[in-house]
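Some notes on the structure that comes next.
Every chain is named by a letter (A, B, C, D, E and F) in the order it is written, and numbering of its residues begins at 1.
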Amino acid sequence: MNTSLNYAYYPGCSSTGTSIEYDMSSRAVCAALDIKLTDVPDWSCCGSTPAHTVDHSLSSALSARNLDQVASMGLDSCITPCPSCLANLKTAKHRMEDEGFRDKVNNLLDKPANTKIETKSVLQILVEDYGIENIRKKVVKPLTGLVVGAYYGCILNRPAELMQFDDREHPMAMDNIMEALGATVVPFPLKVECCGASFGIPRKDVVMRLSGKLLDTAKSIGAMALVTACPLCQMNLDMRQDQINHANGSHHKIPIFYFTQLLGLALGLTEKELGMNKLCVSPRTLLDFMVNEENIKEKAA
Amino acid sequence: MDPVKYLKSADLMSWLEELARENKVFAPRYEGDAVIFAPFDPKQEISIKHAATMPPKKTVFPQSEKLVDFTYSKDPENLSRILIEAKEILPKGTTVVFGSRPCDVRGFTMFDRVYLAEKTTDVYYKARRENTSFITLACEKPETTCFCHWVDSSPSDASGSDVLATPIEDGYVLEPFSEKGQKLLTSSLLENGERWILEVKDVHENAAGFLANAPDLSQAPQKLLDVFDNMEFWENAAAKCLSCGACTYLCPSCYCFNITDETTGMKGTRFRSWDNCMSAQFTMEASGHNPRPTKAHRLKNRVGHKFSYYPAIHDGVISCCGCGRCIKSCPVGIDIREIVQEAINHEPAIGKE
Amino acid sequence: MPVLTGKELRIVGFLCNWCSYGGADTAGIGRFNQPTDLRIIKVPCSGRIDPLFVVKALMNGADGVLVSGCHPRDCHYAEGNFYARRRLEIMHNFLPIIGYEPERFEYTWVSASEGQRWQQVVTSFTEQIHKLGPAPKILGPEASDTLSLMQAAL
Amino acid sequence: MKVININLSYNSDFVTQVEEESGQKLNNCYQCGKCTAGCPYTEEYDISVSQIMRLTQAGQKEQVLQANSLWLCATCESCTARCPNQIDVARIMDVLRHMARKEGYVGTGRVKTFWDSFLSSVKNNGRVFEVGLLVNYISHTGRFWTDIGLGPKVLPKGKIHFKPTEMQGKKEVAKIFMRFKEESAR
Amino acid sequence: MKVGVFVCHCGSNIEATVDTAAVAAAAREFPGVVFATDTMYTCSEPGQDEIVNAIKEHNLGGIVVASCTPRMHEQTFRRTVERAGLNKYLFEMANIREHVSWIGKDREANTNKSVDLVRMATEKLLRNRPLYSKKFDINKRVLVIGGGVAGIQAALDCADGGLEVVMVEKTSTIGGKMAKLDKTFPTVDCSSCILGPRMVDVAQHPNITLYAYSEIEEINGYVGNFEIKVKKKATYVNWDSCTGCGICMEKCPSKKATDYFNEGIGKTTAINIPFPQAIPKKAKIDPDFCTKLTKGKCGVCAKVCPSGCIDYEMQDEFVTEKVGAIVTATGYDLFDWSVYGEYGAGRYPDVITGLQYERMLSASGPTGGHIKRPSDGKEPKNIVFIQCVGSRDKSVGRPYCTGFCCMYTAKQAILTKDHLPDSQSYVFYMDIRAVGKLYDEFTRRAMEEYDTKYIRGRVSMIYPKGEKLLVRGADTLMGSQVEVDADLVVLAVGAEASAGASELAEKLRISYDSYGFYMEGHPKLKPVETNTAGVYLAGACQGPKDIPSSVAQGSAAAAKVLGLFSKDQLESDPQVSIVDIKRCIGCGKCIQTCPFGAIKEMEFRGMVKADVIETICQGCGICTSTCPQGAIQLQHSTDNQILSEVNALCQF
Amino acid sequence: MGNPRSESNKGDQVKFQEELKDNIRKALPELDVVIGWCGSFDPLHATPHFMRREEDIDKLEISPLSVHNLATYLPGLRGKKVGIVVKGCDSRSVVELLQENLINREDITIFGFPCTGVVDQSKIKKALGGHTGNIEFCDMSESVIVIKSEDKAYTLPMAEMLADKCSSCRYPDAVISDYFAGEKIGNKGEEDADYAAVETFENLSVPERFGYWLKEFDRCIRCYACRNACPLCVCRDHCAAESRDPHWLSQENNVRDKLMFQVIHAYHLAGRCTECGECQRACPVDIPVLMFKQKMNKEIRDTFQYEAGVDPEATPPLLSFKMKEENITEKVW
C-alpha cells in the first residue's frame, strides 16, 4: 500500500454550504486513511455549469486560475469531491492544450495558464490510488444489513474520453466500495441518469420529474438508501425529497448519503464528524438498524 | 634576372593581399588538424612553419575538374535526331601559390614531361600550369621522412618554382626563377635583398647539412626490373598495405587520372578526377579483367613507375621528389625508401629450382 | 524538376507495392484531397528500401522523405517491413548528426484499405515539412559555396 | 406548417461558426436519433436534440437559436456519450447557447437568469454565495416563493450562511469577468 | 532506348485537372523520348493500337503510359507492348490518376507533378532490361480453409471439376453459420434442408479430404507448390472408429459444457456431437468440462462407447499437405456487443443476439423451436429488435454496414408471428437495406402482413423495470423519445472478421483491411483473387455477405482455381534477384535475411558466392538493400533504377 | 632508417612482451604468418609487422604506439593460417569477422595481452606545438611519454595522450584469444559506452551541425583510407563508392558525395562497428569521421541494447528483427 498519499484538495463552493457534510466526511475519511489533503490556497469558483453555458473561454479561465493556484503549490495534480468542479477543471486543462483556445483564455488571465495540472475525484483516488482491498482491511464497523443503491449521476464519468474513470454506462466504483464496507448492494438501473442538475431553482418541475423517477426506482429495487458522489445529486434527492413527494404524490423517505459518509461510518468515525445530522432525510432509523443487525450477527457468531 | 628582393615578415600578409587583388592566391592554413592549401583569406592565419599536410597539387591538377559540359537537344521534327553540344571548360585567371616547398613544386616538373609533351599536350594542364605561379619556401630543416637529396633535389631546389623565398631573420629573401616570378616581385612592400644573399646561402647549406648521406639510386631502375617477377618480394613489401590512396593523392608527382561522365536529363559533364594506382579499380578493364589483380602488383607498379619506368623514358629522372608524405601519411607506415633499398640490395636466391 | 515556388516543397515517397501504394490508390479512388508536393517511388516492399535512398534523396535536394509499407505482420513478403522498421528507425535517429532534422524523414505503415489514413499521413507529413521549410541544399563542389549561402540565410 | 426552401434558407456562416466553435463536424450526424432517445430533458424540449442537430446541419439558424431546448439542456452528456458518430452533441448545445445569448435570443428566461445570478455571485465574491445567489435570482424574477419551504429544513443544519466566505483573490476573479466583458464587446 | 510516352486523358478523369497535352509536350524533352502524345483512353482498343503502331513506326524500345494505377492496367499494357514485339518489362506506368488527378484540383500543380512522374518513369524505363519467365510444374490440388457454405461450394465445384481438394475446418463440423440458421430469407425455406445435402456431398466426395477440428499451422511455398502444415486438434475420440452413435452423449454426467453450436443458449455435455446433422458426425470431448481430463475422475464415456474409441491421452497431430492453390473461406464472427453498456453489456438475460434467437427458433435447437425468455422461460409478448448493433457505429470501431441484418431481422419478425401469433414485434432501424431479388418485398411483408412495428430511430438505453425491460429509443420521424416495455430484446448484431483471421492472413501473406477482412485483388475486377498468387477468397472473410453472395463467391473462387490449373506449368515472375558474381564477396548477409530461403551458397572458382533460386525468389528485394556492395540486385527494381527515379526528382 | 630507435617500452610491458614472444614462437611453426607491430620510420611510430620466420619475432614491439588494428588484414588472408596479436579493441573486430563468417576460427590464432591504451598521434602533435616531423627520441612508461624533438624535451602525461577510445575503454583484455600474455586487467562490458562527445555535438543547432560537416569534408581527398583501414569494410574492391552499378556516388570532388560516402560507411557499419577508431586515425587530413559511427552505435545500443564485437554467435541487429520492438515508438499520425 502506498503509505504516502498526498493531494492538493479543491473543495468547491458548495462545500461551504449545501454540501458541507460531503466536505466534512471527505476530509475525515482521508484523515482516517492517512491520506494527506492540503487545501488549494485561496481557491475560487470553477464557474460550474453556468460559466460554460456562457462561454468556454470564460469557463476555462475561471478554472485556470485554480489550476494555477495548484501549480503554485509545486504540485501537478489535485483532487476534488465535486463532479461538476472536476468536469470543469478537467475540461479546461484538456481544451487549453489547443494553442488557439489557450490564447483566448490567456487573454482573460493575469498570467498565462498552466496546462499541466491533472484533476481527479476523491472517489477515483480512493479506488485507484488507495484501493478497495485496502479499504476493506480498514473496516471496523461493517454496514451490516444495509441494502443500498449507488447513484453516480451524469457527469462523474462522462464524457469517457475526458474523465478517464470507470465505465460510462455502468460505473462500479461506489458499488464496490459499499460491498467492501459490508453493505448489500442492489444494482441501480439508472446509475447515470440525470437528476435534474441545477434546474432545482429555475425549473423545479424538471427536477421533480427526474429525481422522482430515481427515488421510485430506488424503492422498486428495494434500496434502503442511496449513496452519491455529487453535491447536486444529493441536494436534489435529499433536500428536495419532500418537494418531490409533494409534487408526485409519493411517500419516499430514503436517506441519501454521500459515499464518504458511509465509508467513514464503516471506518469507525463518529456520526458528527461525518455530518450525518446535516442530512435532510434523517438516516437515524437506518443507522440504528445497522447497529442492531451487526449486534445480531456478532451474537450469532 | 632581376635583383633579389627582401620582404619583412610583418609585411607578408599585406603582400599576399596585394597579390590577391589580381590573382587567386593559395596559402597553407590549418583546417582541423591538417594544413591545407586554401584560398588566401586575410582574416585567417596562414601556416608556413612546416611543410603542409597536402601539397598544392590541386592548384594545377584539381582533384576533379570539369572538362566538358554537354547538352543534348532534339530535332523537334524528328525526336530521334539528337544534337550534342559540347563546351570545353578551360580554366581562366591567374593563380599564385605561396608557401609551397621545393619538393611540392618540383613534382610538377614530373607532370610537365608528360602533359606538356609536344605531341600530346594536355590543354587543361597547360592552361593551369602557365597561369599558376609558385612562391616556394626553402626548407630550413628537413623532417625525418624527407629524402629529397636521394632524388637529385635539395631543401632549396627551385625547379618548377617561380620565386624561391628563403626565411631569414625577420623576413624572407625572394629570388625570382622565371618571368612570372619577376612580375610578382614588383610590389613597393619589397626592398632590394642583395645584401642578404650570403645569409640565404647559409640557410640553404645548413638545411642540406641536416640530411644524412643519400644512398646511390643509380641502380634502382635496373634492380626494380630484376625483381619484377619476384612476387614474393612484392607480397612481403605490400603485406601491410591497405590499398588506400593516401600516398598517391598526397604525392606531388602522381599524375594519374580517371575520366567519368555524369548525366542528368539532357545535360551532362565530363569530369577528370585523380586516380590512384593502389586501388583495385586502377587498370580494371571493361571485361572485368585486371592485369594488376593484387595489392602486391599495384605496389610494384607504384614503386616501379617512380624509380624505374619513368626514369627509363625521361632521361633517368626519378619521378619522386622525396617529400616523404607517402611515408608520413600512410596509415600503416609503409616506407617507400625501404622498398627501393631492399630492391637494390636484393640478392636473387641462388640454387632455387 | 521544378518545384512550384512558394507552393510546394520537394517530398519523395517510397511506397511498397502491396500495401501503401494500394493505400494511395484507395485514397485516389476515394477522391481524398491531398497536397501535391509528394512524388511516389514504388518499390516492391519496404524491405527493399535501403535507408541510404533516403539520405541520397535529402542530399540531392529533397526537403522531406516519407517511407510507407505494410503494417507489421501484414507484409506480403512476411518479413520485409520488420527489417525495414529497424533500418529506417536507425536512419531516422541518425540523421540529426549530419544536420538534418529527423522530422524530414518519417516512415509509417498504411495498408491498401487505408485510403483515409494515407490522406492523413500525406497531409500531416507535408505540413510538417512546410513547417520546417526547405532543407539545406549542398551547392557546388566546394563547401564554401554552401556555407556562405547558409551564413547569408542566418 | 412552414415550407422551407432549403437552399435559400441555408445559413452557411452559421454552420461554419458552429463547426469551428464546437470542433465538431455536423455532417457526421446521420440522424439515428440516439441522442434524443437518451436525453432526460426531451420531455421539456420544444425541439428534440436530434432535430436541433438536423436543423443546425441544415443551416436553419433562426429556428435553432430560438429553441427553448437550448436553455433546458443540463449538459448531462448522455447524447455525447452514446453518439455512434462520436459527435460531442452537448458541446454543440453549449455553442448554440453561446450564440443565442450573444444574439439576444433568450428562450427560457428563468434558466438564463439563474445562471446569470450564479455568475454574478462568483464575480462579486470569487466563490458562489448561495444565499446571495438566491436573493439575486428572486429579485430578477420576482419569484418570491422559490424554495421558501426549504428554509426551515436547511437553516438549522448550518448549511446556509448569510455572509459570503472571504477570499483574497476575488479581485482576480472579478478581473476575469471584466476582461471577458471587454473581449466580448470587441 | 527509344521511348514512347502516352499520356491518357481517361476521359475527363485525368484531363479535367491535368493538362495532358502539356505533359506529353514536356515528355518530348526527356532523354530517350522520341514520341509522346496524349490519348483519350489509352487502355481502349484504339488506344492500345496507337501504342502498337507507334512502336512499329518509330522503332520504339520502351513505352511509358501515364494513366491510372498500375494495379489497374499494368498487365493490359504489358500485353500490348508484347503484341508489338517488345519484351513486356520494357514498359513503365506513371500513375497520374489515383495519385494526381483524383486527389487535387490545382491544374498547374497537377500538371507539374504529372511531368515529374513521367520523367521518373522514363528514367527508370531507360534502365529496364528485358526479363524472361521460367516455367515450373504445379501441384493440381487445392486447399479450402473453412467449411461454411462458401467453402463447401468452392470445394464441391473444384472436386466436381476433377481436382483433389483438402478442406480444413476449425470446428468439429462443417456447415458454418448457415447450419445454425432456422430459415433463410427471403424464401423462408429451411436452412438445414438446403445445406444438409451439400454437407453430405462433401463427406462422400471421393476427391475431398476433410480435416475437421483442425487448423492451419504453417503455410510455405508459392503458387503451384504450397506446403501446408495442418494441426489436427485432439478430440480424445478416435474418429476412425467413432460411428457417431451418441451413446457417450447420453451417458456423460458432465452436462454443463458451453454449447457453442447453440450460441450459449442452453448447455451441452462434455463429450458431444454438436448437432444431429453434423459432418463429420463424430464425438469430441471439450477438455474444459470433462471431469476425466480436468480431475482424472469419471471415464464414463470410455466405458459406454461400443467401439472403444475414447482416448484420453490423445495429443494434437500434425499432417502435411501439398497443394497448388488455396481458397480461403473463413467466414465471419459476431461482433462482441457487450461493449454496449447502454444495452446492459450482457447483464440482462433477456437481451440476446439474433443468432441466439435463430437457435431458439430452430426445431432442432435447445428450446425445440419454442421462443422462451432465457430468464424465466416464459413466452414473450412484446419483442423488440434493435438493428445496427455493431454496425454503422464509428464509436465502437464498426462504421460499416453488415448488410444482412435488416433481412434476417425481418425474417425473425415474421417467424416470431408464426410462432407466437399473439406477440407484437418492434424493430428499431435506421435505414432498411434490402437490396436483392425479392428482398424489399420481404421486408414490406413483415410490416404489411405481419404487422411488425418499424420505428425509425436508435435505442439509447435498455434497463430492467420489474420483470420487463424498458427500451428507450427515439422515433425520429415523430421527433420524439419513445419507450417500449419489452419482454425480450433481440439485437441484430453485426458481423466482424472471424477470430484469428489476421493471423491466418499473415500465414497466407495476404492483406486484410483495418477490420480484419481480407483484401481482394481489385475491388471491381478481382473480387475473389488476392494479391498473393494462388490464394483466393470466398464468402464473408472478404466482407460480410449473405448466403447467395457467399455461394456465388465460392463458385467464383473454384472457377479461378480450375482456370489456374488448366495449364500444366506456370510461368515464374522474372522480377527476381540476380547476383553479380564479380561483386559478390560471399558474406552471406542476403542468405541470412531472405525470408524465403531463395538464396543459397555456391562455389565459384574456389570462392563462396550467393546464388538465387529463381522459382523460389518472390522479388521482395530485402537482399538488395542488405548487400552493402550492391552485388545482388532485384531486377526491375535495381539500385540504379531507384536511384534514377530519385535523381529525376531531386537534383540538388 | 638509421634513426635512433628508442630504448622505450620498458617497465611492466616487457614481462608480457617476452611471454608474448614465447607464445608466438610456440605457435609460429604451425602458422603462415603472425601479425604484430614493430618500430617504424621514427621513434614515435610503430608499423604492422608480419612475422614469418623465427627471427622476425625479435623485432616485435608492444607499446602505446601499437595503434593499428591488425584485424583489418584477416579477411585478405583467408585460407591461410594466421596468427594475430590483438589489443582488447582489436579482438572485438575479430569477433565481428568471425560472426560474419568472413574468417574461419580454426585458421586464426589469437594472441592477447592486457592493453593499457594507445596514443593518439594528433594529441601528441598538438602537445608538441603542431610538429612531429623531427622526433629524435621517445620513451614511454605507464604514466608519461618522454619525447625529444628539435632539441627540445617534452614530458607528456600518458593519460592525456591516450586515444579517446582508450580513456573510456571497457575491453582492455582481448574478448577472445588462444594465448594471453600477462595479467588480465578485467573487462567491463556491462558498463555503458561513453557517447558524451556525440551528445555534446548533437546539442549544436541544425545549421551548425550541417555546416560543420561541410567544412570538415571539404578537405577530404577521397583516398578512402578510412574505409580501407576499417576491419569491417569487407567489400574492399567492390565498394559502392567507386561503382557505376550501383551508381551511388560520382567521382567529382564535391562535398555532397564525400558526406554521402561517410553516411554509407556509417550505415553499412551499423551494429557491426566496434569503434576501433582506425577510420579516423587513418585519415591523412584528420577529418573526425569516427563520430558518425559512434552516433550509429549509440542508436543501435539505445534501440536494440546491442554492442558489436562481443559475442561471436550474435546477429547484428539490422540483419534480424523482432515482431514487437520494445524500443521503437512509431510516429502517430
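Here is the rule we use: contacts are C-beta pairs under 8 Å (C-beta built on N, C-alpha and C of every residue); 3 or more make two chains touch, one makes a residue touch a chain.
Since we're looking at a predicted model, the values are computed, not measured.
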Mutual neighbours - chains that touch subunit D and subunit F alike: E
Separation of subunit F from subunit A in steps, with touching chains one step apart: 2
Chain pair with more C-beta contacts, B-F versus E-F: B-F
Chain of greatest Cα-centre distance to subunit C: A
Centroid spacing, where centroids are CA-atom means, of subunit A and subunit D in whole angstrom: 23
Separation of subunit A from subunit C, taking each centre as the mean of its C-alpha atoms, in whole Å: 51
Whole-Å gap separating subunit B and subunit C, where each centre is the average of the chain's CA atoms: 45
Averaged-CA centre spacing for the pair subunit F and subunit C, given as whole angstrom: 35
Multi-partner residues of subunit F (at least 2 other chains): 215, 218, 236, 248, 252-254, 256
Multi-chain contact residues (two or more partners), subunit E: 119, 342, 582, 593, 626, 639, 643, 647-648, 651-652
Touching two or more other chains - residues of subunit A: 168-169
Subunit E-touching residues of subunit A, taken from the complex the two chains share: 167-170, 187, 189-190, 220
Of subunit A, residues touching subunit D in the complex: 13-14, 16-18, 20, 42-45, 47-58, 61-62, 65, 69, 104, 107-110, 154-155, 158-160, 168-169, 192-194, 196-204, 206, 209-210, 239-240, 242-243, 277-278, 280
Subunit E residues within the subunit B interface of the complex: 2, 28-31, 33-35, 58, 119, 582, 647-648, 651
Residue numbers on subunit C that touch subunit E, as the complex places them: 1-2, 4, 7-8, 10, 12, 18-19, 21-22, 24-25, 27-29, 31-36, 39-45, 47-50, 53, 56-57, 60-62, 70, 73-80, 83, 87, 111-114, 119, 137-139
Complex contacts: residues of subunit E adjacent to subunit F: 580, 582-583, 585, 587-589, 592-593, 626, 628-631, 633, 638-640, 643, 652
